[in-house]
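Chain lettering (A, B, C, D, E and F) follows the sequence in which the chains are written, and residue indices restart at 1 in each chain.
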Amino acid sequence: MSRLTHLDEQGRATMVDVSDKAVTTREAVAAGRVRMLPQTLKLILEGGHKKGDVLAVARIAGIQAAKRTHELIPLCHPLMLTGVRVELTPNEADSCVDIEASCKVSGQTGVEMEALTAASVAALTLYDMCKAVDRGMVIEAVQLVEKQGGKSGHWRREDEQ
Amino acid sequence: MSRLTHLDEQGRATMVDVSDKAVTTREAVAAGRVRMLPQTLKLILEGGHKKGDVLAVARIAGIQAAKRTHELIPLCHPLMLTGVRVELTPNEADSCVDIEASCKVSGQTGVEMEALTAASVAALTLYDMCKAVDRGMVIEAVQLVEKQGGKSGHWRREDEQ
Amino acid sequence: MSRLTHLDEQGRATMVDVSDKAVTTREAVAAGRVRMLPQTLKLILEGGHKKGDVLAVARIAGIQAAKRTHELIPLCHPLMLTGVRVELTPNEADSCVDIEASCKVSGQTGVEMEALTAASVAALTLYDMCKAVDRGMVIEAVQLVEKQGGKSGHWRREDEQ
Amino acid sequence: MSRLTHLDEQGRATMVDVSDKAVTTREAVAAGRVRMLPQTLKLILEGGHKKGDVLAVARIAGIQAAKRTHELIPLCHPLMLTGVRVELTPNEADSCVDIEASCKVSGQTGVEMEALTAASVAALTLYDMCKAVDRGMVIEAVQLVEKQGGKSGHWRREDEQ
Amino acid sequence: MSRLTHLDEQGRATMVDVSDKAVTTREAVAAGRVRMLPQTLKLILEGGHKKGDVLAVARIAGIQAAKRTHELIPLCHPLMLTGVRVELTPNEADSCVDIEASCKVSGQTGVEMEALTAASVAALTLYDMCKAVDRGMVIEAVQLVEKQGGKSGHWRREDEQ
Amino acid sequence: MSRLTHLDEQGRATMVDVSDKAVTTREAVAAGRVRMLPQTLKLILEGGHKKGDVLAVARIAGIQAAKRTHELIPLCHPLMLTGVRVELTPNEADSCVDIEASCKVSGQTGVEMEALTAASVAALTLYDMCKAVDRGMVIEAVQLVEKQGGKSGHWRREDEQ
């Protein structure tokens, strides 16, 4: 049966040894969203039409967090991201902001955690900036959308379901 | 109408000046969960009965992240947490791990972001440790459960709904 | 004769012991500017009318750097900033962007270094975002403008000159 | 007309995707200086003849800051510096300390920001250590002196002027 | 029987809640030493008579590490050190460098870990700078020497033995 | 005579330029131990039989510290560790916990400092978690055990002695 790779034979946490893995181009896309009251989204949109600072701050926080993933997630390898993109799209139909983060690297480990961390921290930042008017916001559906590269190759959420 | 406190009159991001706020005891509880395949949860539980390292690593990562919240969330104030608690509870009924994080401080700003960040990073760490067997896991329902202290006083999610 | 406070009697670097200093409200304002080609400033201004992201990113970077001053400046004390404000003002007359950063704390040490660090990192970020079109930009006049609080009291640059 | 590379078509901040750039040897030299009162420089020089700790601390702070550039400058890529050198030269003629920082890497992005950050933080550290005797010091002329490697090739400030 | 304070009733790691502890002045002194070949010590001493940079770098690294203790030690509380002192004394009789670090704070938790971390990182830095000539150096006797303040009051190693 | 590589001709600290060094697979193993009272070790072992959290926390702290070595040790190069392993073994015969840390990288510099830092921080974390019951614990024998790769090739402590 499949074993958790981050535990050794005694069940102890280890940082997986990737020394012998091939250096390939790897890419991952993660998503998430922050559900909020319609009036909160309206405030963001109004600001957004003028200066967009709420979304800008969240976007930058997400990009920066991607670079620090290996500090936050104990068993992640450090790696040199070659590209990070974070997009926040106000979604009035569902009264939420949709977040999509993608990361790229040429390396020996994947960048799924970097993309997920970017999406999570962008969501948290959005929460921070709006919490004074809407404490009940919920971060939802933080998940991997797609990944490419590495031994396991291409994976896409929709193919699974 | 209510304005976003982290934007000034021109819509520019600012770090709210809390110099004149009272120092009070503040506490916040946040929750979240990682939904996964039943067999993934089974692997964690089996490990958990022996060494518990998956849950231990996630718990520690959450505690450490709480302390770095002000580095991750651009407009958060630095503060000196006096207590952080992160609990991860395997939930076989819903095929998920439930996460609850609580933070305490005696200071001029609340600790909602610290609790939410702890819950998020614990969830991300869980994802990291299990992703080799279950790439489709989803982080859900990251939200504030309760807060106390400060000018806005006591808030509880259930009272809202 | 006056001695450098950060060196002990043997000339060795020390972190000044502030244990016995009074906790007072302290504030500091620092300035700086990035001189650039007129066409570079024009590009920023055009962006600025629409989304303002160049100035927004620099502003956020400055705020975040203020919080990390004690990590960057070896003998600085950690402190809990209660407020940080960073303003960037395009100045067409002098073909530069003027930067002003102010920090507040209630503590035992001043916040001059935090304000100067915020101004410097905002300037560096501006350079980063425009360097592809204008490698020759110069960061100038990074200096303390005013400080208040603490034993040395009020100081203002203009009073000196 | 030339566009700012760190903004996408909508004017939003992005981290430039360098995945397809060639790995070349890159080097950058930046300069800066801290102008001060003659008696402040004299104190540094006296200390310098004995232990040199003021200049040593600033030199080390500059080296360390170069390594953290990607944490400070939001859209900078992480990279693995292969060499950093920071030199501080007391200049009695101009009553200042001249700073020169150079960084090297074998990678896909240049190291201009690393060299500029090293020079800036060395300057800030110098300010910190002398501020008790000379609050009016000014950090000036922080600028790129020369760069090599990458698609844009060799650039030298003096060739421009 | 005495229980480990950092484990809860289920043996899980927790960050001890210090919210109700009194704010008192706390101080801790830690020691350590790096044993090396006599010729390695001689090289340090020769450098030391001129510029002292080996000992200066180690001293600064120790001071900086003290400030980051809560990032390194998972269950340590963040705190605002009011003073850090690191001393390195070449000891020819025992062919080692003796290290002593002391930290002060006015807070709710002790600073033993900060002093021990400062001593350890100063020792590691010394190792780093001399490893090219003496790979066999050993870091020894890293231990608490004395502490004051807090509920447990004054403790001195020599009184114990 | 052999010179310290981290000092230039004037005795000033520098970060050694490794640009021209070959990229080779490098590995280092470091050791250390924490000596304690027999009853302290017993408490750890009892916890260890159930949840093992004391050793788990120390192991994770050691792994995380390895990744941050270049931030702690001023003249260390940043590098991308491909594997980190930290083992803590209770040793009842000597009333201590033995620590062994090993690091791997494919790069231009060795990973001795990373392994030594991992061992030191694991030891400090162990101290932190047990200090309430045994303040007199001592960290001992932190040393390099073996290294491979790079120009200097294979080195083993036992071969030296």
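One rule holds in what follows: a contact is a pair of C-beta atoms (placed from the backbone, for glycine too) under 8 Å apart; a residue touches a chain by one contact, two chains touch by 3 or more.
Chain-to-protein mapping (UniProt): A, B, C, D, E, F = Cyclic pyranopterin monophosphate synthase.
Treat the numbers as computed from the prediction; the structure is a model and nothing was measured.
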* **Where subunit E and subunit F overlap in contact partners, by chain label** => B, D
* Would you mind naming the chains that touch subunit A and likewise touch subunit F? => B, D
* Structure fact -> When each of A-B, A-C or A-F is compared with E-F, the one sharing over half of the residue-numbered contact pairs turns out to be A-B
* **Same-residue or different-residue interface between subunit A and subunit B, half as cut-off** => same
* **Between the pairs C-E and D-E, the one where more C-beta pairs touch** => C-E
* Gap in Å, rounded to a whole number, between the CA centres of subunit C and subunit B -> 32
* Asked: In subunit D, what residues contact two or more other chains?
  -> 12-13, 51-53, 56-57, 60, 64, 68, 71, 74-75, 78-80
* Between the chains shown, work out who touches whom and classify the graph as line, ring, star, complete or other. => other
* **Which pairs of chains touch, using the document's own definition** => A-B, A-C, A-D, A-F, B-C, B-E, B-F, C-D, C-E, D-E, D-F, E-F
* subunit F-facing residues of subunit A, complex -> 12-19, 21, 70-71, 74-75, 77-80, 107-108
* subunit A residues touching subunit C - in the complex, by the definition given at the top -> 51-53, 56-57, 60, 64
* To do: Using the touch rule from the top, collect the residues of subunit B that touch subunit A in their complex.
  => 2-7, 10-13, 32, 39, 43-44, 47, 50-54, 56-57, 60-61, 64-65, 68, 71-76, 112-113, 116-117, 120-121, 123-125, 127-133, 135-144, 147, 155, 157, 160
* To do: Can you check the complex and tell me which residues of subunit F touch subunit A?
  => 25, 52, 56, 59-60, 63-64, 67-68, 78-85, 104-106
